[in-house]
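To start, I am sharing the structure in question, which I have written as structure tokens.
When the chains are written out, they are named A, B, C, D, E and F in that same order, and each has its own residue count from 1.
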């Protein structure tokens, strides 16, 4: 028995919300969300939601604070309107890189955000490719962290590249690159940025063999693009034949596009978890939509069916 | 015995923070707060705060969501750095007009904000002229809501205006205007915007006598200025001799300045709870600083002395 | 699908509970509630409530502490008896005037009561005409604050009074009077009690025109009746032709009845949210029952239908 | 180092509060507590308590709901007034007999009361002779449950009664009677009320030897006195020479005094945890004050000294 | 309507879990629970539990800490796997004797355990014969404490013993013995261990008449058996004709079996709430299974039927 | 001003506790902690702790569940005994590898443990070399995660090894190995266990150059030792000249010692966060004590001095 439910969206990624609604064959719920002239966020729900299960689609991409507050205030409004269970679908989870204290007097903002969401009243969270796995543990409510690996693997398998090497652009991403290299039956390389001696400039150390091979740099997030650009140059220097880039979430904070569009790369492949305006797309820019994956997840949650099945294959290599 | 303490400030109102620190004769604490290129808020505390009582000065004026997140993340960072008691000094408390459900499917964002602050770890809150009194009850931690009435009364008393009438620009502000009229030993008038008949235009009804008198319009908050402008015109129509405006918090959201600077008013008097850039100040613009009041409040909190004494006179009329 | 439910009542207002049950066509649940000889409150539920949704009808009118404790203990008993969702129907919400700190070292008892109810385990609250709107925000659970304005407006509309002026007996009630005056298409006046000079007696200032008109004094709550009596006298002095009084909740704390029955008023109109013993009713005393409104609210909550629709008209003027 | 502190009292037991203050050589703090005409409880603190540790003396004896609400509201007021640590001194803890579900659909009101106190903001609780030990576990804050046994033992030891038998008036009090009998080096007997056969009347079974002995009936609480009266009669029937009664808390709910004053007993000994009006005291009525014990407890709490030492002897028998 | 549900078991009492599942005619859910080589507890749920109501059967008998952690970790895993309502069936509740502070600087571990279970996410608890009734109040979630008295009474009634005396082996168990004696229409005796004088050895005082009677010692828990053995010897010394022992939970901590098997007793009757290995059973050892009682309880919880009915008779004597 | 404090220890690592107390020049507090015969954990504090700040030293190494419950119950006892601030010093934090859901229906036990500690009442936690950084975010109380890198670096620097390569035994530890390699100014290599083809056996891929070099394998935790042994063999196969092993926490779960003592390694270097019985130490086994580091941390916490300074150097490479 599927309970009555409604799907609502904030302003962060309306295109993706429409795709999810289309997959589910339901209209998006009527809601008025946006800034007042003084920038306070305004929310008014325009249809009855009493006893309905609610799904809110909202990526917390830039402007992250506005998008996060929109999400928190929407949750507050739904709860006070006597709705049922509230599930936040957060395709891109902002602040997820701030998941630890690096020096000692820093916040752990990803945890703070988890606490704020729970305090506002959310009952369940669906995310996609969190920056680190322990963020799931920042919540005590159920979290389904979906994986885009199947989507991207299917895309690259079709290319039938025989000399593929999966490359992590820094040591922090080694495990992700290793998992994907196993999924694609490909080699593995790691790039380590280091300073040979005090006073000397940083150098890029490519650990693993990339000479005359097709390199696929994988990362979860591209921000201003600096690391990726250095990685591409390091791979070129080491004799890589061709370079592909895949990253799940593309913030493309300036000057990312400026940097990327001048690189000699085969393709830059990403998803639509963060909205990408048409004018940021350079010629070899490819987008894989996550709409069906998120729509199917909602369907399974409603039916009480397993969500794990959806992204099982990418676990195979473990 | 005054415990060791430090005062820190976010980016919302650095001028006021400096004034408060000057009053206390302490330097502002060293902290790195601000946006990353991707707009995520970055916080790093640059000196040891272990066991120190912390005061954070941050108005949640526009950009309200960024300023609020700065405050929340700073609180998180201080708490994780093993500080003592954290007091948030919030001279202007954003979202305070959203303190109730007006229609039925709205958030109560002022309550949500209170919950978020407490969840982040704040131990006490100091505010100034909250939009409504019950907002104090949104918190279960101590809240000291300061009043600027003494500051403004001292200012207007010096003018020795004998024919003063305090005017509330709408019915919602009647009680505030009444309190001030008693403090200044002045008359009282209320302006009620109404629609005489369905289909007809709104009209301004001035309840009370203002003819040939000096009117002082008082409000807690000026946003885009529409209501105030209509009030001034209504008072003019009713024969008021001169008009002053006093409002505590001046957001001056466009086109407020455009509207105000063309009005025929004696003075526009406000405080510095919200920073006002020099280019927004028109000729008869007067600012009363709240720096000493806030500094003295911190001093009394530290010494365990009464804070109520500070704003007792303005209660006299009740 | 309407879930199985049961309606129970404490001892505060059995007549109203019976009316609500009659509207719903269900018997009141069997429960033993009342004081032991030593005044401790005793509760024993006399029928199985496992998995049933529970509605508890209990006004927290005087004796407020006993009625409140009855409600809290009933909630505890229902929760421990493994019931489903518990909704407290609180037609009159005691302590609601204590919704703010007036001087500085006072409790905010209305917030405390909200906290106690939530701690005891209530899941939703239905109130009627709360003293101030922000009290809804004292809860983080859903609150439906019903309005009696439609009931009273229908009553007065039938009288077809053409020269009606709605009067607020103090400045605090201005907004309520304004809303009602718009609903009834009537004029507006405000009474302000003030002390002309230190040492002088208080005087009543009637702001607005009431001469030769029919005045309708509206208030949310009548306690000992002092303010109302002064208001009637002030209106008479200003030449009002006739005076009606409407107030939602009638505590009628002595000497209220003594005071009221000697007034020259057309009618004293109130509701049955607080039980009114027959011997307190003087000749022109009229009671409008809220039983159907509360019964219909329960019905809509059970069906997941909008409750806002029930009191929409009274919002029209906003 | 003793922190600055203040002692306040509600209206439940002003005599005991004065004794405690006298022991501590401090004046009681200035506070306005009591009912409004409509029976709502009014609290206003009349001196600054900022940063001071607060001790509130309030027995929750009848009228229990009013006394409990006074205590809860006082706690709320102190917390909001920015005080330090709040300790509630509750000499008699009402509702403590309601510490379990006896049948199945009952509240556990003693736990509810513990939850309400904590929710209101109390930091520590001091009680005296709780009805059952596990009630301490109803709190997660520190609870010091004092024992009056030393006080009463010293009183009875002076009488040098050689043939003393301590009697529990029901099986539930067996353990208390056993502990006291060991403390006084006396015999032990238990009275069990039972119904020999269905349809037959109840009978009192005295288990243990009381013939020609001096019986001391001990109980924690005397309410309407029925059980005690039956116990005295049963002891007389079994040939007890003389009967003393000791009970810690004397509610003396009518008709307790009527019943007790006609009994042939040597003395009725009790404490002042519950105020006893002079007209309820019959000739052989003796009161042992707990004022010094409670005063000394506050002193030790302030100094960080052991409280257990105070009532260690009465543990000797275990 | 019975919701979909699944029953899982930890490693503490697999035999009882199988009996419960057999009664319900459902298979036990697939789960991998047990220690890693380093003794950390490992849990993996091997089938989808999304939206299903979950019943976990786990006695917290020795090794109590391992069994408790298994239960807590299972609850965490079920909650994170998006299940419905989680009910913990805890046939023996370890640490329940630690339900109070005996001296003053002790934990109240039974309360701590209650808090840990709730923190882990359990929604309801079913226990059997808790050591003391107030432990139910340690939880604010619903607790059904079943009673084994009917099971044991039916067993002993068949024996038609006309001279039965129910004996409490210590004063703490007086109330339990009294209740059972009434249920079986039998006499009552209490054994009190005391030290006649300082320096003298302990002696056993049998209060009540057992001479030439059949004694039935009843206790809730047998641990190392010391008290019971002393009780049997005391009864023999007082001329009891025959002795039976009944205790609900048999931990049989060494040297309990050594002690018990040499006693001259008719039968040692107990239940299967704690697993008893075959080699601990001496000749006259009888086990009454609680499997059907627990299975029926689950059935009634699912159907929303009264659980109290199940153990009503044993309340008759009260 | 250093507040009065006391240091207590559970049974997990008494040697380390003594070293810490010796550094602080205080005796360990008197407490009775340990199992009852039935394996329930018994705690009794044997000296007054009222108002004292408490430090509890307890590693949650095997038997992890017993050690964790000891810690939780001690915290409960201290809190109920009215102590001040409770800091848990947890040199080894058990369950820290269970910090994420790997497949989908697993617990996040490290988070559960964090929740249980906070629920029991701990105010601050000090750990040493947590398995992953985000575990700090599992707590909302302050956590100081110390680093042993300085201790180990000082040890290895003295050896003046010029051809050192730091080796991570798996990809998950890459970041830790990279940080240490920078601290020691050494090379970096990573071992990746992979399965060349389905059906083929696993192989060890050494990424980076180790030929004729001195390898230092670093890991945070050694459990049964399987991975380390394979790493040593892989390094030998690749021509490493000599091999050192450093790991912070040595559980040495069987057959770890059997495996390690037969390896050809220069030294096995570890710390004393987990107690290592003498008979597990093979010839080239070296222990670096963390006693002074933990003692100094306590000292700084008491004085309100920076703890970060203590392990700053090891951050240098970042």
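Simple rule for what comes next: a residue touches a chain if its C-beta (ideal position, glycine included) is under 8 Å from a C-beta of that chain, and two chains touch if they have at least 3 such contacts.
Small disclaimer: the values here were computed from a predicted structure and weren't measured.
Any chain that touches chain C and also touches chain D is listed here: B, E.
Think of each touching pair as a link: the shortest run of links from chain B to chain D has 1 of them. Homomeric contact chain B/chain C: same residue numbering on both sides for over half of the interface positions. For this pair, chain B with chain E, the centres built from the Cα atoms lie 62 Å apart.
Centre-to-centre spacing of chain D and chain E amounts to 33 Å, using the average Cα coordinate of each chain. Work out the mean CA point of chain A and of chain C, and you get 51 Å between them. Shown for chain D are the residues that touch two or more other chains, namely 48, 80-81, 101, 103-105, 108, 111, 115, 136, 140, 307-308.
Contacts between chains form some other arrangement here, matching none of path, ring, star or all-to-all. Contact between chains, per the stated criterion, is found for A-B, A-C, A-E, A-F, B-C, B-D, B-F, C-D, C-E, D-E, D-F, E-F.
Residues 4, 48, 50-52, 79-82, 121 of chain E touch chain A in their complex.
Listed in rising order, the residues of chain D touching chain C in the complex are 37-41, 43-46, 48-49, 62-66, 68-69, 72-74, 76-77, 80-81, 94-95, 97-98, 101, 103-109, 111-112, 115-116, 119-120, 223-224, 251, 253-254. Residue ranges of chain D in contact with chain F, taken from their complex: 124, 136, 140, 142-144, 300-301, 304-308.
Chain A makes touch with chain F in their complex at residues 99-105, 108, 110-111, 115, 132-138, 140, 145, 171-172, 174-175, 178, 182, 188-190, 192, 194, 205, 207-208, 307-308, 315, 318.
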